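Same chain, two partners: subunit A is paired with subunit B first, then with subunit C.
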Partner chain A sequence: MSVDGFLQRLRSEGRIVVVGASLAGLRAAETLRAEGFTGTLTLIGDEPYEPYDRPPLSKQVLLGRASAEHTALPRRRAIDAEWRLGVPATGLDMAAKRVRLADGDEVPYDRLLIATGVRARPWPNEAEAGLDGVFVLRTRDDAVALQRRLAEEPRRVFVIGAGFTGSEIASACHERGLPVTVAERGDAPLVGALGGVVGRVAAELQREHGVDLRTGVMVTRLEGDSAGRVRAAHLSDGSEVEADVVVVSLGATRNTEWLAGSGLGAGPRGIACDAGCRAFDIRGIVTDDIFVAGDVARSPHPLFGYQFLSLEHWGNAVSQAEIAAHNMLSDSVDRRPHMWVPAFWSSQFGVSIKSVGVPSMGTEILIAQGALAERRFTGVYGYQGRVIGAVTFDQTRWLEFYQHLIETTAPFPPPFPTVDRRSDGQRPLPADFPDPSVPTHGPTVTLSGYSPADRRITFTPGRH
Partner chain B sequence: MRLVVDLNRCQGYAQCAFLAPDVFAMHGDESLLYNPDADEAQREYVERAVAACPVQAILVDQVETPAGAAAGAATSAQEAPRER
Partner chain C sequence: MTQASLLRQIIDYSNRPNPYPLYAELRNTPVVREPDGAYVVSTYWEIESLLHDPRVSSDARNLSVPPTDDLSEPEAQSALPPSFIRLDPPEHDRLRRMANRSFGPPHSPRRINDMRGELAEIVTGLIDGIGDTSRFDLVDQFSYPFPVTVICRLLGVPREDEPRFRTWVDTLVTGLDPRRGDDEAERNRVSNEARTQLGMYLAGLVEERRKKPGDDMLSQLTTGTHGADGSMTTIEVITTSVLLLIAGHETTVNLITNGMLTLLRHPEVLQRLREDPAYSVPIVEELLRYEPPVQLLPNRTVLTDVDICGVTIPKGASLWLVVASGNRDPKRFSDPETFDPDRGDIQHLGFGSGIHSCFGAPLARLEAQLALSELARRLDNPRLLEDPPEYRQSAVLRGPRHLALACDGIRP
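Take a look at the complex of A and B:
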């Protein structure tokens, strides 16, 4: 049978299975139908809910302005799918082309899309993580539980980790009038994503809003009371913070365990794929029938030195899903590369923070417009003499311009005078990203206690 | 009715907050908060907001998604195109 004949049969009566029923899985399914796929489409999801949107969970939901049960994603079109929800995939047989499910079922496929995403990294000490009042925030169920507890007006909320999610949670607590403490191992909030210059602005923003922000500290232990409810957190500087709600915001872990032993190139850093979303097997050979999209994917980006980027971005999930779906149904010459320029947003303490490109590759930052002190500015990141990323605090409308500079590898510092020149913008500053070799970004083990009996090991997982 | 705003696109023009204030609200100068599951009675206002958005960032359901359509294992969602 010719290749064309195969594709024709695939399009008309093939079997496509999508593992992961969230944003990427849904948008891929819609694209498959939009491109004329009329065969059998199966969507498999571990959560019992149809695809829903996650960004509102740490924003309007925590503020009580939307319900966690009602963030289901609107549909662009009918997808006429077979839904297998509430049943995680547990294995993949690449040779037999079958996905194994937790209920023992096996689903055969001609083309497979993996969009299993990430999950919240739990507090590493299981007993402490199991204390009543200790939460993570990733899923709809997490948000329902946390929102319910916040409504009970806890005396203090303690947030571990000041990345985007942790900072948004702190912002929501502040707005609800709840006392909140944030502990961050780095020198400032958001420092891993945006560097120290911008991180210091984020720190001021938190402190000005009454957040008890502790930086450069680690949480060594969560303490419960006799009823198994969390009552305090102990910090590496010897201090103790009493809190009846603890939210663990230590980033995410990729959902790839179910692929262990399958022969697919999947691991803790995600699933490597080519720019056309085809997954690599462990031999480094690209597969023809397995595609990847969304948070779980790692794909090379031509604009950023062909580095394999793994992006937990909403827009990346949409874009990569559309590309993957298109390529699943296409001949090699008709395939498209996934070349979405990374972009994300966050909303905290009334400020809209947005970014394009890859700021964390930047070694320098130049405040091109506005001023850090005003919390309204555009920061441009430079890497080896070119513009590599940009961030805005309440200056969204400028971002597109800088995206164009990134796409065209414009020189850094930008040679033009900016329209809104301030003292901040005269010269580039070191962007001040944490040294990746220091503990902030790698896993660490700390030992505490003197006598052998109370010697304690605390494992803090790495972030990537 | 379900809706989602692509906040990468949103530039805070606030047209939606003006046209459908019970669904969209500015939060600070440029951040937008919205109700992803707006009351059906808001449809007319929301559709005006969709049309007015300068960056076309608002997506509303293009098909009816009956409650529970995708719930439960091995059910097939029958989505009928909605009359527009």
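Take a look at the complex of A and C:
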């Protein structure tokens, strides 16, 4: 049997299973049909909803301007799929080519696409996380619950973590006229993604809008009242903030547990795959029939030193899903690499923030256009003499140019004048990212010494 | 045939009805240097990247060579300073932002949509007024009066003053037209004179609005404050409203006329539109690609040497971006010479791109959608009496001067 014959049969009567019924899963399914796949297509999702869009959840939905029920993703075409919604996948048998479901069913496949994404990292103390009034924000249900509570006009909202989601939640609270406190263990909001120079702008932005922003602190404990409702948060600086709503925004965890023991190269950091979205098994061998796409995938990127990048970006999910779907149905020479340049956007406190490349790899930043003081600027990140990332605050229309500089490994600092000659930026500044070698999460323990006899334990307290 | 002569042919009036074969030839060399030192860019990706390139300036003061006859810059020597279309950041951003406050989101998100009923009424009135259905001129009776009425209402300019400002606007638009060989100095003088006259006329209106503001844009520009941006000076209000008044109708008239012409050449599309007015949305997008009212942008320059497609465009050189050619670049669009409203992928350059992308795009889209769907619905068996029709002079703002039509009657 020739490979060609196999592909032909796969296209006409094969079985393709997509685990993860969200943006990446849906776009992959549409691409499969668009490319002529006429076999059986099954979409498995742990939530009971058809694929929906997440960006509105932390913005319009929290503001009460859009309802979470109306966030269903627009369909590009009919996909004629068998939907298994509300049933999580619980296991994978690679040898038998079957996906196990929570209801005991098993679904056989010829090609599998894993797009299970990420979930919100919960508050680590389960008892405290279970208090009434403690929320995370990732799913449609999360957004509905939080929106409902915000509509009851709590006296104060407490947000743990000032990354993008946390900052957007704070912005929504501000816009609803609710007092809000944000606690961030770093020195400024967004500091992990964009560095201290831009983080300080974000901090001013929050404070000017009346946000009670506490930086350099950690939350040590959430306290409930006798009825089991959250009433206060205790901070590492000894202070206490009374709040009746707490939103935990501590980033995301990858949904890979269901693959434990399957032999697939899946772990807490995602599922490793090649540039063509084919998953690796634990032996480092690329699989032929298992593909990954979206937030759960980790793939090597030549522009960024072949690092395995895992991107929680909307555009990445779409592009990777399209590539994975195409490659599933293609001969090796017709496969395409996923070479998406990372890009994301956020909108908070009336400012539109967009970024391309990997700013967090940058060691320096140049404000190439606009001015930090006006909060309308383009920041370009440099790494070892080349442009590696860029961010704009309310200057989106220039971003494409800087993306091109990143794609062509242009020199940093850029050697040319721009139309905006007033810019702060004839000179690069240190980008001021937190030192990755300094523990920020909290106290850690390190071991030193070689022999069991002289091994010493060193305790490093948290930074603050 | 040399490349230089291609651009001459494009500008030559005799090729106005169909410049597209010339654009196709032009694209064989994506970046061409003209004998006078100007650079002509004709392919989609190159134009698109230059429109987003912060080394490309719209400010005529950055040209190393003063504008020549090709590039007459009436605004450069005018008594009035340039409007934001001819400025760079941060001045451009500030003025455009302030103008946008009374036009679009986030401060006036519904302004354009709220005009829907009013626009429909104007359209109905104009179609009702078509007297002789055996022969009428779509331009004079519909495509021109419609957007003029709309921009006058939006800005708060009395519609009955139209004959006055039409003379000045016509002169100004003629001044924009790149032609070779005529008396450049005289043309600039006439253009400047017209722009000053138009400015003085608008200054009078500004004075009235200052005393007695209405809910029109002119009043809002005059009396509004814009947060950190402060408020517009009187001169800024005048330059901005000159721009909006001209750009608000000189382009839409062509979009509507080009649109009707194209539909009559594609009866199956016209028929589908007659049955489904919502089809006007993709039709207008495809028109903006296929027959864009603004064919080329001749007013940019580079602040430093810029390499593109293996050519170095030297600092201060003037730059012509032929957007209508980019819109038919086969490297960007499949089957680009076909008018196909059903194409899924349509990121055209009809409204430009980057910070100068068309300010009035939402209004132009709505006007054209309403106009074409109503014309399709109400004209019974419309026919072209002349094909190709007589074109306007301008190679930049290209469109028919007259479009002679006939139909069997006007449906209610």
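What we mean here is this: the second predicted complex is superposed on the first by the 438 of 464 C-alpha atoms of A that agree within 3 Å, B and C clash if a C-alpha of one lies under 4 Å from a C-alpha of the other, contacts with A are read in each partner's own complex, and residues count from 1 in each chain.
Just so it is clear, a contact is a pair of C-beta atoms (placed from the backbone, for glycine too) under 8 Å apart; a residue touches a chain by one contact, two chains touch by 3 or more.
Treat the numbers as computed from the prediction; the structure is a model and nothing was measured.
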Subunit B versus subunit C as contact partner of A:Phe308, first or second or both or neither: neither
First, second, both or neither for A:Phe401, with subunit B first and subunit C second: second
Partner chain(s) touched by A:Pro48 [first = subunit B, second = subunit C, both, neither]: first
Partner chain in contact with A:Phe344 - subunit B first, subunit C second, else both or neither: first
More subunit A residues in contact - subunit B or subunit C: B
Partner chain(s) touched by A:Ala368 [first = subunit B, second = subunit C, both, neither]: second
First, second, both or neither for A:Thr71, with subunit B first and subunit C second: first
Residues on subunit A lying within both footprints (that of subunit B and that of subunit C): 350, 376, 397
Complex contacts: residues of subunit C adjacent to subunit A: 48-49, 52-59, 88-90, 93, 106, 228, 303-304, 354-355, 357
Residues on subunit A engaged by subunit C in the complex (per definition of touch): 350, 368-370, 374, 376, 378, 397-401, 404, 416-420, 422
Parts of subunit A lying in touch with subunit B, wherever the complex brings them together: 21, 43, 48-51, 53, 55-56, 59-60, 63, 65-67, 70-87, 103, 314-315, 318, 343-345, 347, 349-352, 354, 376, 394-397
Subunit B to subunit A touching residues, read off their complex: 1-4, 6-8, 10-12, 25, 27-37, 59-63, 65, 69-81
